[in-house]
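Structures incoming, each one as structure tokens.
Common to both upcoming complexes is chain A, partnered first by chain B, then by chain C.
Showing the complex of A and B:
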């Protein structure tokens, strides 16, 4: 891996473009929720700021949207001695292995690259919303104006040119790392061991078990304590059904967007675009 | 910082008290995490609020706002009682063994030190000032005039014994009663802190405005200094007292005399009674207190004469006192700090004012009063990036612009990325930055604005004359149309007046007018070999992260101050695994030594102490230089709901006589707990910068932190019927602040002196201009402050709260 001598988080540090399975490691135990990543994501992808309001939390925007592909979530608890616990977690696309979003995509727009990056090819996307419905994490969001699906694309324009994703580059504490999944998985498990030694008995790595993801989380507390992730990630049921029964048909449908929309209607139901939109969008 | 950012990684214990480092100094956390990962460091956060920093701590302790001295006093007592201090260090490198004058004392009943002169009384407590001579704030001398010392530390009048006695009152029970921090929590922390008294364990202390912005802010810091000296943690890698500065270049601006009482390089601003250079030098050139002491400030004449030469060049000669008479003189005893200036402005004493990169209408204490004060000006010049609240105070909500006569000029300034120059970070690294983009429109770098102003003013003096034109007409001003800031840096570095060759460093400066130097502390940044602030060598030859060839650091590229104290009397590092400097038999190796390069290590036993800037040569555990006592003592904030547990007769800091002039003056009422039962504090968040002038105009940051908010304990919200996200109003005796309620368990209710106390938190980033508008928390803060610095009491005051 090529890195600068001083700081491999530096914006100008070069990264290896030939990684086999590209991945990110988000270590929540090192994250201070400064949200440099959140801002850098918007800046690199030229996404507009949303009109937000303080809703009694530091977290904003409240959720992902077509215009917001990464947020840091804030979860507050009280421990058994009455002391506060404040947890931070990064919400964005996991770039899963065998992603449901792609399996249900009727047009092949939700593309899975050989290096594991999952991105939306907007030339093919018809905004049907299958991906949004199928994602176990609620990541893709459909823009009702452009009728396209939007989510984190792993900064493919950066990583293909030797730069780390924008969020990784912006992270000051080393909570975000980019690299080969195999290595990052090892690092995640090491870190969990270390955290357990430090007294975080619930420490765990997320996305390394049966359900493998391209973004691995190191969580100092059990997944139940983080508000947006299912404790045990698994492929969504409709997806399993779709994959097993309809995926041969799906393959035929690639490129035939009208037909795809029809499939969507038949198998899932009418578009539910409104549901996918965050309330900020409606307040505009 | 005595140390620097990267050095945090060398710590075994990281005590964060008075700072929200993870939020307001995000990069610090990289090194905190490194210390944890590589050294197994423990992170302790003591704060009234459970911040994002607290969220990352190993141990968090809540305390009542403004009770830091009680907490640290308790730690000092614990360290002494358990004999956890580094005795050898304390004997070698501090004034613990020095005997103090017989008259010096502290009266625990009255709550004042000896020498107190009462000037008045307020709500049952006295205020006034100290007569240090009368109070015996001095060392005791023997019949030969030598200062007496007791190396065994047993003499009842030695500093160590006085310290022991003074802090013996700060028991864990008293700590709990004052601070509200449960005794068990305090003791858990005390144990870890005290473990750093072992020579090979080091604690760093990270602080910011949470300690300084009080009516006893300086003493807050002093208490940590004493603790770190007892533990032997000053001068070592991973140790020190580390002030995390709140702006990227605030260290640089302080070094360059942003404040009224200093000239560049911490030289003193002359007073009216110092009419000649000799009178001035007699006053400020210290004499060694002990034979052998390096007493580096003995070079004061070289620094001031070189400065005068840099300002008045060829006109500054020995015959005319190097134009010393041109320097403005402050009134004897006069104070010209922010609060005092705005009080004077309010009273109509100023015709005009420049507010240069300062947004007082949002960031100033008691913002309502400061906004009103601006109305008394005939003219005001604002130099800023945006039309700030200050620039547009005349059309703020609730006023009629037609009734305000102030003529306002706004000069658009270039942002830091739109000009070249240096930025000095908290670790004293002077770093050159290149221009990234051109400033928009007519915006100009500050230096160019000053250049244009100066030239125009000089032209007017030349044409029209005027009172005392000489300082302007004779000024050495070698700049052309635009200022090349690298030339300014060369002047700051200093040069030989005749040859124009830049000096190597401040050891080459002279007091005969042959050298000019704009700031002696920075001398060495730009020697003949080149501009060292531009260096970007990322090799760490030292292994402890000093990166000696990455930019340049004052003084003399010394990365860790007082590093001589990191070794014993044989020159052996206390921590051999992370040595800063060490003696190799003939000279000091490692960091640039804070000592003579070849001065043998045992010279510390012969009076040549490690603290070369002090006439004692050793660090001051007992420090008679401050206005409010040689030891810190706990006092309540001026606005408090409870009696001082230690001495109910003296609730607040008795030395705040200057502030008392303004208490209950116009628009500056003091509130009482019957009307304002809750304690409030103000702070910043990661997403916004200072008064928000910049960040409230950046859409992404506004998206993240869109509104003024107020953090309220869950229990208080329940009592008041306030729900999360409701609009609420916080009211102090000065003003009202509206915001969105963030109802949270992170504001823990505390039990203090038998009372349950609720604390309320308010960020102060908002104002009435920009993409995101809202109230500034400073509408509620008061116009009083610390007696030594007059830094405003932004942190602890009383309020009430209601649903809006």
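Showing the complex of A and C:
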């Protein structure tokens, strides 16, 4: 009777016992750059439009901003035969494993969930801009008016309630998929194999190697040809230094000083500030 | 086995403690965000933009009719939840979002520089009257060489991509009945 009552109550909590790494798969070879995802993202998050101008590309706006968390980029490239190639790709937060933005955040506002989603807790964010500097993909942006950092939050409200993220549910061509990371990683590698058979010799899956991400890209061309994708993403050096050397050293130092204090207390005893002290000095 | 007063109180105490723990600890740990459309009214509609006719779900606040979300209908047979950029941002067209949306027909008389609001009845009657006048004035029964043509050259029709199959059928039927031969479509321009 008691257990059944507890189960009823725990329905409120939405706790998944076996939390698995969630991910998104973006297949650039299927993307038609209709920008349905871009519009759906703005719509779901109630983000206002931005005033933009024509800068010689279909891509609009030109870059991510606090009010634009997802853009489809229209990169241009001339291939070996001299033909122009249009490289569509999707720029948004990658939801990396061990993200730099979270490591450098002084207030802990950049939160990493058990399912791999990285989101900004705006109650804690002070808008210092560390995350924007640390991100290798240039994703977080600071709004100067509200002084807070903004970026894609993987639609955590939607995925907690069993819906796919807004961009994924809007995609008409199936270029965007949402699911568990292990399965999507396999799917990405299979797709790369297929693309290579079709003649895309440079086809590659991005975010599945040493640097694991929550958004896996399938790119028909090598990452250097895209305007913003670092070919070999890595954690920023100061972050690595801070996280792997300074931070553990600090922890050791704190532990050592605590131990030292304990040792001092046991061997010498507490410091006594007594009235007798001046008298002793007088005796000397 | 009867339930004594003491046992009943014990059971109640344990039950309350367990229930309280069940409610209090787990949600705090989970941080599950509430969906903004949980309490919204859900209405089904069809995208008005192009002839594909994607299904949509409109979520609005019941009393104020303010649209808070609009997305593709995952159960709709045509789009299965997907939408293009225009469809995905259709919410901007909704009355609660778009203050510039017209709700009454406007009329600008020939030579006038101002628009004035008119009633639907008046507007529809005027349209019908002017179509009839123009058609009667410009209807040609025979070409100069004597061939019978029975056509109206004073009116042209510009169809819209938002028209579906049935609407196009009715429109063409009406235009042919008037003798109009210049039927154009927006997507051909």
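As a convention for this text, the second predicted complex is superposed on the first by the 225 of 284 C-alpha atoms of A that agree within 3 Å, B and C clash if a C-alpha of one lies under 4 Å from a C-alpha of the other, contacts with A are read in each partner's own complex, and residues count from 1 in each chain.
Throughout what follows, a residue touches a chain if its C-beta (ideal position, glycine included) is under 8 Å from a C-beta of that chain, and two chains touch if they have at least 3 such contacts.
Not measured: the values here are computed from a predicted model.
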item: Touched partner set for A:160, first chain B, second chain C, both or neither; value: second
item: Partner chain(s) touched by A:172 [first = chain B, second = chain C, both, neither]; value: both
item: Partner with the higher number of touched chain A residues, chain C or chain B; value: B
item: Partner chain in contact with A:83 - chain B first, chain C second, else both or neither; value: first
item: Chain B versus chain C as contact partner of A:44, first or second or both or neither; value: second
item: Partner chain in contact with A:34 - chain B first, chain C second, else both or neither; value: both
item: Shared chain A surface residues [contacts with chain B and with chain C]; value: 5-6, 34-36, 38-39, 42-43, 172-173
item: Contacting residues of chain C [partner chain A, same complex]; value: 14-15, 18-19, 21-23, 26-27, 29-36, 38, 69-72, 74, 79, 81-89, 91
item: Chain A contact footprint on chain B (complex, rising order); value: 22-23, 26-27, 29-30, 33, 36-37, 50, 52-56, 58, 60, 538, 685-687, 699-709, 723-725, 740-746, 748
item: Residues on chain A engaged by chain B in the complex (per definition of touch); value: 4-6, 29-30, 32-36, 38-39, 42-43, 48-58, 60-61, 76, 78, 82-88, 172-174, 194, 198-199
item: List of chain A residues in touch with chain C within their complex; value: 1-2, 5-6, 9-10, 12-15, 34-40, 42-44, 113, 156-158, 160-161, 163, 166, 169-173
